[in-house]
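As written, the chain order gives the labels A, B, C and D, with residue 1 at the start of each chain.
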Amino acid sequence: MKDFEPVIVAFCCHYCAYTAADMAGSKRIAYPANVKIIRVPCSGKVDTIHIMKALENGADGVYVAGCLEGDCHFKNGNLRALQRVKQVQALLEEICIEPERVEMVTMSAGMGERFAKAAFEITEKIRKLGPNPSKAAMEKAKAA
Amino acid sequence: MQNQNSIQTGKVLVVGGGVGGIRAALDIAESGGDAVLADNAYSIGGLMTQLDRTFPTNNCDLCTLSPHLSESGRELHIELKTMTEVTGIQGAAGAFEVTLKTRPRYIDVQKCTACGECFERFPECVRFTPGLDHRAPTCMRYPQATPWAYSVDMEKCNDPEALEKVCKMGAILPEDRAEETLIEVSAVILAPGASIFDPAHLDHFGKGTYPNVFTSLEYERILSASGPTGGILERPSDGKQPERIAWIQCVGSRGIQKGAASYCSSACCMFATKEAIVTRERFKDDIETVIFYMDMRTSGKDYELYYQRAKNEFGVRFVRCRPHSVVQNPENMNLEISYTQDEKSENITEEFDMAVLSTGFMISEETRKMAEVMGIELNPHGFAETASFTPIETSKPGIFVCGMFESPKDIPETMVQGSAAACKALSIPYRGKPAPDHKLRAPADDAAENQWDDYDEYEEFPPERDVTGETPKVGVFVCDCGYNIGGVINVPEIVDYCKTVAGVETAVAVGHGCSGESQKMMESLIKEHQLNRVVIGGCSPRTHETKFQDMVRRAGLNKYLVEIANIRDQDTWVHGDQPEIAANKAKELIRMAVSRVWLSIPLADHTLPMNKDILVVGGGVSGMTSALALADRGFKVFLAERSPRLGGMAANIRKTLEGEDVRSKVEEMIERTMNHEKIQVMAPAIIVDHAGMPGMFTTGVQSGPQMFYSSIKHGVTILATGALPNRPSEYFLNEHDAVITQLELDERIEDNPESVKNAENVVMIQCVGSRTTDNPNCSRVCCQAAVKNALRIIKINPDARVIVLYRDMRTYGFQEDYYKKAREKGVVFVRYGLEDTPVAEADGDKVNVIFKEPILGVKVSVNADILCLSTGFISDDESTEDLGFIFHLQRTDDGYFLEDHVKLRPVDLPVPGFFVAGTAHAPKNIRESIVQAQAAAGRAQTLLSQDTINLGASVAKVDGKKCAACLICVRACPYSVPYINADGYSEIDPARCHGCGICASECPAKAIQLMQFQDDQILARLDGLFERMN
Amino acid sequence: MKTESVLEKVFNSGQLAVTSECGPPRGALPEKVIEKAKMLAGYVDGINVTDNQTAMVRMSSLAACILIKQIGLDPIFQMVTRDRNRLAMQSDIIGAYSHGINTMLCLSGDHPHFGDHPMAANVYDLDSVQLVQTVRNMRDNGKFQGGDDILNPPKMFIGAAANPFADPFELRVARLAKKINAGVDFIQTQCIYNMAKFEKWMKGVCDRGLDKKVHIMPGITPMKSAGMARYMKNKVPGMDVPDEIVKRMAGVPKEKQAAEGIKIAVEQIQRLKDVQGVHGFHIMAIEWEQKVPEIVEKAGLYPRPVIE
Amino acid sequence: MITAERKPMEEIIASVRPYNRILLVGCNECVTVCAAGGRKEVGILSSALQMAFMQEGKTLDIKELTLERQCDPEYVEELVTVIDQADAVLSMACGCGVQEVARRYKDKPVYPALNTKFMGASERQGVWAERCQGCGDCILGLTGGICPVARCSKRLLNGPCGGSTAGKCEISQDVDCVWQLIWDRMKALGIENRYEEVMMAKDWRSSRDGGPRKIIREDLV
């Protein structure tokens, strides 16, 4: 497991998180390349299925990044996203996958540092958890 | 409710095609006016296009400017006249007749495709930068040049016939002649910019003699990827990469050298700091950077933080001194710089590999001549004469000024003035004879008739090609963005990889994809390969999506068939030091975009009618200026002021530095505002709620003595809420009667001159409560206030001893003259450092001020009758926090509103439809506040001139066949848009849909899809990402 | 006289009646039933036998009633509608009557949620009001609920419960009226601690003249300890225990709390004796049956009248 | 509307474990409206199942399909083209739908993925509450439009029982005492005088107690 480089999908809302990611870039703040950003208009657009499919396709972790609480460009999309993340966490628990693989984070558009910090922390957390058990088992099965 | 511009505006002539002129012309065009943009050069762009990167974002500005350039190039309300100068003007405001003379270009701009064939064959030399290379007969100024055509210097051409034959398009016109045109305009904007001080005559700096001495602009070109060395930093003397570089400030400014201007050029401190940072950023510890300066004048918004970062993060060394000479070591061609410092008596000599002279800005002879033709008055420095309350108005009504020609300044200030000039120019009613080519903006009454009927004729896009049924053919275009992308990853290798990605028809490297040249290339590739989907590997779609959407539109595709992979902002900028990782990520991002674009479908935008009323928040000078500017144009303005009376902070100021009477001007302004039939003043008033989008905002205001609630409908919002006078509890302020602030001193000198008449000693301490940990930025106005008040005290009481204790004297621009005058009049200026701040002790009704005399190095105590603290500004944190929350606006760490782009959009706030003016944006003086307020009014008009609001295509769509009418969308929508229609399924009005997609992700029947973000499109990105695994 | 019930006879004699109760054991232990019943012999006019009280499985009420009847005492057959449908209930009523049991109490019963079989199906084919109606129809019309004639119809003296304190309070008198409409003869109430509120309810009952149509027996439950008082106050739904009672219990030393509880019960009976419409007392000494004689004596309700 | 909710994953996983090819069928009626078995839930379950089995080193061939109504034979007929490609059907319909699929495809094992709960109404987004038991003999006209059969824990027709406290049922603070609601409503309608009429014992034949029920509309047959 030494060489395990997790693949993490980050669904980022256009108005805050995606902008924060750009901001991190323009400030040249590095963060792990493990994090793959998918832009959505609002974190409330992130469907339970999107998160599930990301994991099913092989992501080791998924997080939804939205605006700060009370700051959602679309009023409450971030709160809805949080509820869906919780729903996925409960479902993952039912199928014996660590619910911590899925997470919700919030930040404002100017928080390039926070974006980078979240990317680091989540990457490290997933690195510790190891590969997505579904993907790992399949790879083992294929090897055998 | 619908108030429209009731003034007929004629054309506006904009002289000068730098950023200021471009901004002005664009704002005029966007506001529905027509502009003629004339520039003496071969193409527009001005100085800024020669900069590699700009502060404080350190972006390469070619890319940030170019969208403006091509907007300008394509905008049919702007007539572009390059190689053109003004030779005569007749008439008056409202009806000027201007004669323009256009030199021959020898190239037919319509035919030239800028293929470069002529340049290839006559490659003698190309003038890309001033001074570093020789001149070419065929000259392209820079890759994004507009117009999109070369120009020929026929005098340098030995064989015109051969040259003519080279061009397959027949665009070369050896017989081209100069041409004179007479145009009728209602107003003129002068934006000729400045030229750079030429230090060649200064023997002691060796410019022109020593190969390794440059001007800062030359150094900028060397760093530039499109510069003469292709971005490679090496010494001309031996081709080696330098190890030590020195910057010498104030070359040609502050009257230091022979022939130097006496004013401060304002931008050079930041300019040099940026160059040093960029150098350190790129070369890390391989290159040592030192800046020799007199005062660091980083007084712009957040500039002080940038300066601190340069020192503390990038390790740029700052040395306060005046280097007296640069001497070349003949052996190694190194440069020895000698200087002395205040605190040390000995002469220090340091050796450098390269020296950069921070040369200041001058007004060129050409500009002076133009001013003469125009008949406007100039100040003694050759800049246009203006006044604090009419900061962009020249001495001749109807002629306005913006940018450097008003005073030396940096890009954001120039952008602000550009917008302000547009606003002022548009306010001049057209009085000339009606001419068919004057597209008059109609008044409200008959607006419907003709205002936008003829808009279709401006339509420049070809019809959209119907791609339904076609198998997707994807073209991938990868930008290098100079070093931004190309310096980190190997773009050709990425392109080769893209060709292997399933579904990709072709992949090409396009350099600066945003440049005119690259755009043309992509257009033709799209047509040639019959591409029906496009992926751009470039910068963030947040900034450049529109540009590439327009590009594919020109190529005949629907604008939603392009997808941008953000391989710059989210890849090469992030993983700059890990090229391999960056390359892999770039491939991933492009793969994801290809997979996504495969499923893109053509979409149409939705529109809504525009409410043309304006809400201005804040009734100080800025707010009133914006309100009056818009109301004079016929717009209805709601002006909400928190306090019962208008006037703001300026109501407490008596005089400007230049000696103008502030009080009477402010009173006059209040009078006009209160009585203006188009302005509804609400005071006292507080904002309590807000909703909507640009063109249809609704804001709840409680106002009047009873604080009644009313709901205002408006199309745009201008925030001019100001800042607060800072009043930190330091140096016995509020405790001892002898301790006052500059504001109080100003009042006392004016209202009670007797009280200062007998003062023997007046001590002023600068930077009290500014440039500190709590309030890290510079308050900008305090140095000028100190100089202003010192001069006034000396005038009343010539025997008074006035001592100003300062950290850096920041009397930028022409304020330097007053600083100089104060020194001549005997005002003593003593520098202090943070390690040795002055101390005060109460002494009866006086105060002893103890400070260190830096030259002697001893402590001195002065028994002061008045201790005046320069406390400057502090943001109105509570107000901006509340308003930021209500309006969803971002703020800086120190509580000012954060603009959309610090460089290029300094008046626009990130939330569309919001603009900022005055000290709510950053500390500034009255003159600067008024300019920004006029600019805000101008920017607002660009929105208000539209009759409809474009809502984009990202709206939710319901598939009625799948809908179970469960009402989940009806309940989930934050804006209550969906409803169950008569047919029994959910319906979403695209005009009201905000495009968040919450309904789509909640819908249990998956009957709702958000256009542009459909589920399969989002999942396609995952497929693209995980392709390598599966 | 509608029935042979001793209880009915005491009421008719115009004297205050006394009943108490006996919870059947959770096992086949007939001696336990007999032991508890004997403690009450001579001190009460009827012994309520609970029916799977608090939704816990116990010896069937019918069987325990038969045991008590066999030793010559007078059981009151409690029946809840929770566990049986109308067929089972009617057959049990006939069965009981066959053993000489002539007094019963019709209840809906605690919800299984509270008992030891929360997973059980609850029947509730009829509710308590409908059961009262059914029993009255059997007695007065000699008909089963389905309409067929009964051979030797059971003559049951019909009781029901009332809780004067449950919400909505304004409905409590109306619900009593409804039970009277259905044919109830006597009412045993929930334990009464809030005297004032009970009196208010009784006033409502008397104002409508309902006291003339039904015999009301307030429930009296002596507290064993301050802890029990607190428990009743906080944990038992529909119970109204005023703070004074809890304070009074807590105000005496632990070893004297039981005596204090008895004292309170006696005082309550004394106070309610004179309330219009109160025709007797139902003394529920939960798992404390041995104290009933003492209460009855101290309250001046002893000896019990001898009814022929 | 019929409400349902997804069975625990463990149970669903166990039911389909023997199979490789699963036809996962949703229903676009009631269970879509109560967010239990529409297209979205089908997608989520499909993904969850796939991941669960991947952990056992196995990939399922899951075909997702959502029918307009699983309780109508014509719609169920639509499965005919894909049924042969599946070893088993996992139905996300209510019990009616599951049975309809089982009836039509006799040789195909059919498993329910949902627990059918009750006939209810949605109180607000995401909250559904039981409203009707389908007793077949509606008494709502007598009870102010509020059903004690479905909403009284003891099904009392002459409630409330003694456990009613502050408008709540004795079994839980989260359950309204329906008799409080009925009483309030009767007062609002001014018909509180009818409260004291004894409501007669109900004839349960019209309910499930009378055996499986059927409606035959001769005019439509």
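Descriptive notes on the structure:
Going forward, contacts are C-beta pairs under 8 Å (C-beta built on N, C-alpha and C of every residue); 3 or more make two chains touch, one makes a residue touch a chain.
Everything numeric here is computed off the predicted structure, so don't read it as measured data.
With centres computed from Cα atoms alone, the innermost chain of the structure is A. By number of C-beta pairs in contact, A-B leads over the other of A-B and A-D.
Our note on geometry: subunit A versus subunit D, Cα centroid distance of 35 Å, whole angstroms. Remark: subunit A and subunit C have CA centroids separated by 64 Å (rounded to whole angstrom). Subunit B and subunit C, compared by their mean Cα positions, are separated by 89 Å.
Looking at subunit B, one finds that residues 972 touch two or more other chains.
Counting partners per residue, subunit A has 47-49, 53, 135 as the residues that reach two or more other chains. Of all residues in subunit C, none touches 2 or more other chains.
Chain pairs that touch one another: A-B, A-D, B-D, C-D. Against subunit A, the residues of subunit D that register as touching in their complex are 8-10, 13, 40, 43-44, 47-48, 50-52, 54-59. Against subunit A, the residues of subunit B that register as touching in their complex are 57-59, 281, 540-542, 566, 568-571, 573-578, 581-582, 584-585, 588-589, 592, 885, 888, 890, 898, 910, 954, 972, 974-975, 994-998, 1000-1002, 1010, 1012-1013, 1015, 1018-1019, 1021-1023, 1025-1026, 1029-1030. Subunit D meets subunit B in the complex at residues 28-29, 32-35, 38-41, 43, 66, 122, 124-125. On the side of subunit A, the complex with subunit B involves touching residues 7, 9, 14, 18-19, 21-22, 24-26, 28-31, 33, 36-42, 44-50, 53-54, 57-59, 70-71, 73-77, 80, 84, 108-110, 135. Subunit C makes touch with subunit D in their complex at residues 82, 86, 108-111, 113-114, 122, 124-130, 133-134, 145, 161-163, 166-168, 171, 174-175, 177-178, 181-182, 190, 237-238.
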